[in-house]
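Quick heads-up: structures coming right below.
Here come two complexes built around subunit A, the first alongside subunit B, the second alongside subunit C.
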Partner chain A sequence: MPDNLITYRECIKQAIREALLGDERVFMMGEDVGRYGGAFAVSKNLLQEFGPERIMDTPLSEAGFVGAGIGAALGGMRPIVEIMTVNFSLLALDQIANNAATLLHMSGGQFNVPLVIRMSAGIGRQLAAQHSHSWEPLFAHLPGLRVLSAGTHEDARYMLAPALLDPDPVIIFEYTSLLNLENKLPENTGSIDISKAKVRREGKDISIITYGTGVYKSLEAATELAASGIDAEVVDLRILRPLDEETIIASVAETHRALIVEDASKSVSISSEVSARIMERCFYELDAPVKRLCGAEVPIPYPKHLEDAAVPQPAQIVSSIKNILQHA
Partner chain B sequence: MAQEPATAKPLTREQAQKLLYQMVLIRKFEEMSAEMYTKTKIRGFLHLYIGEEAVAVGVMQSLGTEDNVLCTYREHGHALVRGLDPKIIMAEMYGKQEGCSRGRGGSMHLFDAKTRFYGGNAIVAGHLAMAVGMALADKKMKRNGLTCCFFGEGAIAEGAFHEAMNLAALWQVPVLFVCENNFYAMGTALRYTHAQTDLTLKGAAYGIASAAVDGMDLLAVMQAADTASDTVRNTGKPYLLVCNTYRFRAHSMFDAELYREKSEVEEWKKRDPIPGFYNYLMLQQLLTADDFKAMEIQAENEVQEAVDFAETCSWEPVEELTKYTYSENAS
Partner chain C sequence: MLEYRMPSLGADMESGFLREWRVKPGDQIRKGDIIAEVETQKGIIEIEVFDEGTIGELLVKVDDKVPVGTLMATIIPAGEAVPVTAEKAPAAIGIPAAEVAAAEEHHIRASPLARRIASEKGIALSSIHGTGPDGAITRDDVEHAISARMAPEAKPELQKEPPTAPKEGISETKSAIPSAPVEVIPTKPTSAPGFSTETVRMAVAAAMSKSNREIPHYYLETRIDMCSALNWLSEANKQRPVRERLLPAVLLIKAVARALNDVPDLNAWWEDGLQRKASINVGYVVSLRTGGIMVPTIHDADSKSLDELMQALNDLIPRARALRLRSSELADSTITVTSLGEGGVETVYGVIYPPQVALVGFGGITEQPWAENGMLDVRPVLTATLAADHRASDGSTGSRFLTAIKNYLQQPDKL
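Right after this comes the complex of A and B.
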């Protein structure tokens, strides 16, 4: 590809390939990951390269293969379990919430579960209410899980390795709307710290705190705002549980204003949590009330114009920020 | 009366008495647990295994130290036979930090890494897929162990059972599924919960070798479990063993037992596995009445020591509340 451009899809694939090459305990399983090549073609040709022992096609049996992933992790393997879409993860929610998240605790520290679950999520491909959602908040609610959100090519490429090194269950949200998007990978990124949020753009006027598909949208808005002389900082939360409170607070303490952007519907969301933490930790640093731009309170609709209206768009980020600064 | 199967190796006096002792120890331990529950030393849910002892004791004889064991929330007996010290089990039920799960689990969540005892799982059928995964890991790592997964017949109505059976058969992994059929899913009888009450057919539907055995007959369970375990070890494939048994006590300490006739319970008590095996051993001259008396005293002492130990154990400091949520804090 020209200029070292790489698709988000290829980033995920390279990460999986690297994991399989680097550790023989790693194997991947999920629906259609092998012969079909992955529902979104993420694992295309990996079966041919690594064979059926390491790229395992599973039946349509989310509770079964997620449970089996937990068991295999207990047994010393390092499974990567792919769930085709976030909606289907609810069929395995018992395994994730009652087993993966609790075994270490219930066993008094004896049995950790080094499992990675990847799931396609997000909104924007007209897949309607049973194939698109931003359900990060559901999982971020559960103690015992580490919940990651790969909002950039960098994270799609480099999050998996540290996730596999984590002794506890990690859920990685990937975004179908980004799969075909090309971008450059930053140089010198060998491994990333999955306990830290990342400032994607530095700025002094306002902190846009976001994650997932909000990251590129916020960067786009920040570029547009720069033309109007507004210098916005973009904080990619990247890890939704446990939250990296320090990076959030440090940013807000510098800019004194915050807009939180997410595709998830507003009520009981990641933004609710981040907003509350800002109030608790640095209320007196604020020059304006914290604002939120979130998904509408609606199951995701099919028609494009309604789907677009269901989640924040860059133009709304721009106008919200102008509004906040105007009234500051 | 239990008839010693022709193919089984004759029991030595020592083996025979050890088996009986294991059943007696479970019975005494559980009776004491009930007593400690009424004294509010043990709280939460407490599910007693009394009446079903021959299943855990019989099946566990066919397992080795390299095998994994997963159980339900009615698992004190399994933990005892697997070799957990009664002291740390009782301490766990007290919620003390010297307990086998550091008090974090209680009666329903006994865990022990040393004996490969993976709970104590209280979501019905929630541990079956985990068992499949553990066996898958053994297969991938070319280890010899099998994974033995106990569950009740209530679990068979769950979708999770069918997903686990399909995966186990599809992947050909060494899991011994042991269905402890006590005929009641909490308070609802088998005939009201299953369209097909021959539970072995549920395994057969997945091409899994399946058998049923009288779970009140220790020797029959042992022989069936030997056959089942040997099959799993020799073929690397799963096996479903249905042990028909009966719970003499209520489902839990909150159960008024409105769903079954007292006469039914009395009928099953005639088949109590402990007197059954006692009579057999007396007949075979492998036990004397004095032996049994000594055995009961020994078990009572062991249980009393467990209670005394639990009483002296300590509460985990509240400052450690979130300690075992993530591994980085758990050391």
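Right after this comes the complex of A and C.
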């Protein structure tokens, strides 16, 4: 590996290590995070380095260990709770939605819950409908949570630190399909602002608004479009709740067209929300209807070709944009 | 029962907005009465009837967009019994055609941005071809439409009203829009309700583009000694009260009209071949102060006296500038005369107003050396230019016509 390339998995691991080293209140718990080194090998050797008090294997009980994480946070710790995949998070949804997200409100502002929950999402490794869904929209619906999506190596590496500094619960979505992907880390990123979306590529013809696995796919599509003389801007939402409306609107007001790309199925999704906000805020800037490329409305299938077909691919992004711009 | 339909007020007109009914059901009308005001790109036009009788029903509502040819009203011919049911309020009558037209305007596919820009620039969406998804009009389409319409303005040969003192000796050598004293186009429509200078600009642009696209122009030019004409005019004006004094323009119009009697091939329209016109109706180019031109018609100019022509100009020019002309005053011209005399320009190479086949351009009258009978003198000289349609006539015809104008101007007392 050339020394400036790093895998997405290693980015997450370094972020966790840095957090454990930097603040003794930080510990991590979850299924198989310790002895097994993490279901996706993200926390490999961390148990050996930090010991069982800070890298804790839990029983297969999402409601139990997320609840324990909430309690630890209330008690002054800074827990990182890993939920193996988003599918299992529903078992803990009562704790997340009814406790973590609401305690500050229900206590009249007395109790913050400084909890970080990491979970993997999305397709890519033929893990079928048990482990592959993109349910970011479910969590982005809940007031009281901050929901982050690490669609790039930069965010995988640098989102955790500001998330731990947040006094309220933060959900971080990581993506299984990106784990082995190598990329460069931008220099001098340091801490990132977890209230702001990020323009990953500037362009003037259309805004591709996306998050998660859509970011690299959109950048790939934008590079291909550039060869056809189409200058696409790629906006990485990064923060799915609360949405950074200003960055979205500023981009669309410049390009006058928008394509929203996400792996989640189309109905009642992040793209529904972004599309509606664009319409509310800058209808008179639009030169074409807002278009969306989303996941198919199906449980994620097992076969590789059907799995690929279930979510948007770069070629579709390219053809959709050529269609919008009438280059077809 | 007679039908009154939306008239065409020019080759480029597809529809107009009914702004006012001047009559109501049961009103007696005579030929030439004005029954309605219609707003077109050329402003508010008063619409005349050509029948005699009683207004039956008014079938179009005020502010409806009315395509050319739409049935607007029924007229009961003089002598027929008037049915009692004719007493209907126009506002209560909905006619499908009119409603469909209004709906069409509303349902033009256009992006919100395109709609906004078109509205800011005062451009009708119906005049723009959409190239976006499903044929929608996009920002690019609107901007192309704007730049296409601005293009003639941007050319360096554009004639402009000289800033202050007229410059002597300027001679236009390239073809330009007739009349062309056009100021820079305002980027915003004027505040006058229902009309913007840009719509006039666009009407001019459409007609002139069609002309340059379709008409093979040829140009002839002659210099005319205006000594006797001006002397005669000066004497004639001494006997007239100030308000009735004649301007050189009436001599020019009359000379053109008389010359057309001699050379009738130029008093014609080209529509599927040459169509000579019996009446000599001279369109006279009036420059608008806000930019753009109107070309009102002086009907039967050959049979009008110089005083009648002067009255016609005194009537038409202010109304043209106020954009209040009658339908017949916009559509009937058989030739166009443009005079840039006030501007200090010597020569005008005009663009024919289709479907006419000729345009006469007069420059300013300037003192110039004049050789005659072996002697050199200084005379007031006018350059007359003919732009003619080579499909309709040839150089020898045009030459006879210009020579005739020249000769008439040497005998002003006989005009």
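Keep in mind that, in the parts below, the second predicted complex is superposed on the first by the 325 of 328 C-alpha atoms of A that agree within 3 Å, B and C clash if a C-alpha of one lies under 4 Å from a C-alpha of the other, contacts with A are read in each partner's own complex, and residues count from 1 in each chain.
The working rule: a residue touches a chain if its C-beta (ideal position, glycine included) is under 8 Å from a C-beta of that chain, and two chains touch if they have at least 3 such contacts.
The structure displayed is predicted, hence computed values, not measured ones.
The superposed arrangement places subunit B and subunit C next to each other on subunit A without a clash. In the superposition on chain A, contact of A:His256 is made with subunit C only, not with subunit B. Applying the stated contact rule after C-alpha superposition, one finds that A:Ser107 touches subunit B and leaves subunit C untouched. Judged by the touch definition given at the top, the superposed model places A:Gly229 against neither subunit B nor subunit C.
Computed from Cα centres after superposition, the angle at subunit A between subunit B and subunit C reads 120 degrees (steps of 10). Residue contacts after overlaying the shared chain place A:Ile324 against subunit C, while subunit B stays out of touching range. In the superposed model, A:Asp287 makes contact with subunit C only, not with subunit B.
Put simply, subunit B and subunit C get as close as 33 Å, counting only Cα atoms, in the superposed view. Applying the stated touch rule to the two superposed structures, the subunit B and subunit C interfaces on subunit A have no residue in common. Interface residues of subunit A facing subunit C in the complex, by the touch rule stated above, are 256, 283-289, 323-324, 326.
Against subunit A, in their complex, subunit B makes its touches with residues 68, 97, 99-105, 109, 111-113, 118-121, 123, 126-138, 140-141, 147, 159-160, 163-164, 166-167, 170, 322-328, 330-331.
Across the complex, subunit A meets subunit B through its residues 27, 53, 58-59, 61, 63-77, 79, 94-95, 98-99, 103-112, 143-144, 146, 167-168, 242. Across the complex, subunit A is touched by residues 111-114, 116, 131-133, 136, 138-140 of subunit C.
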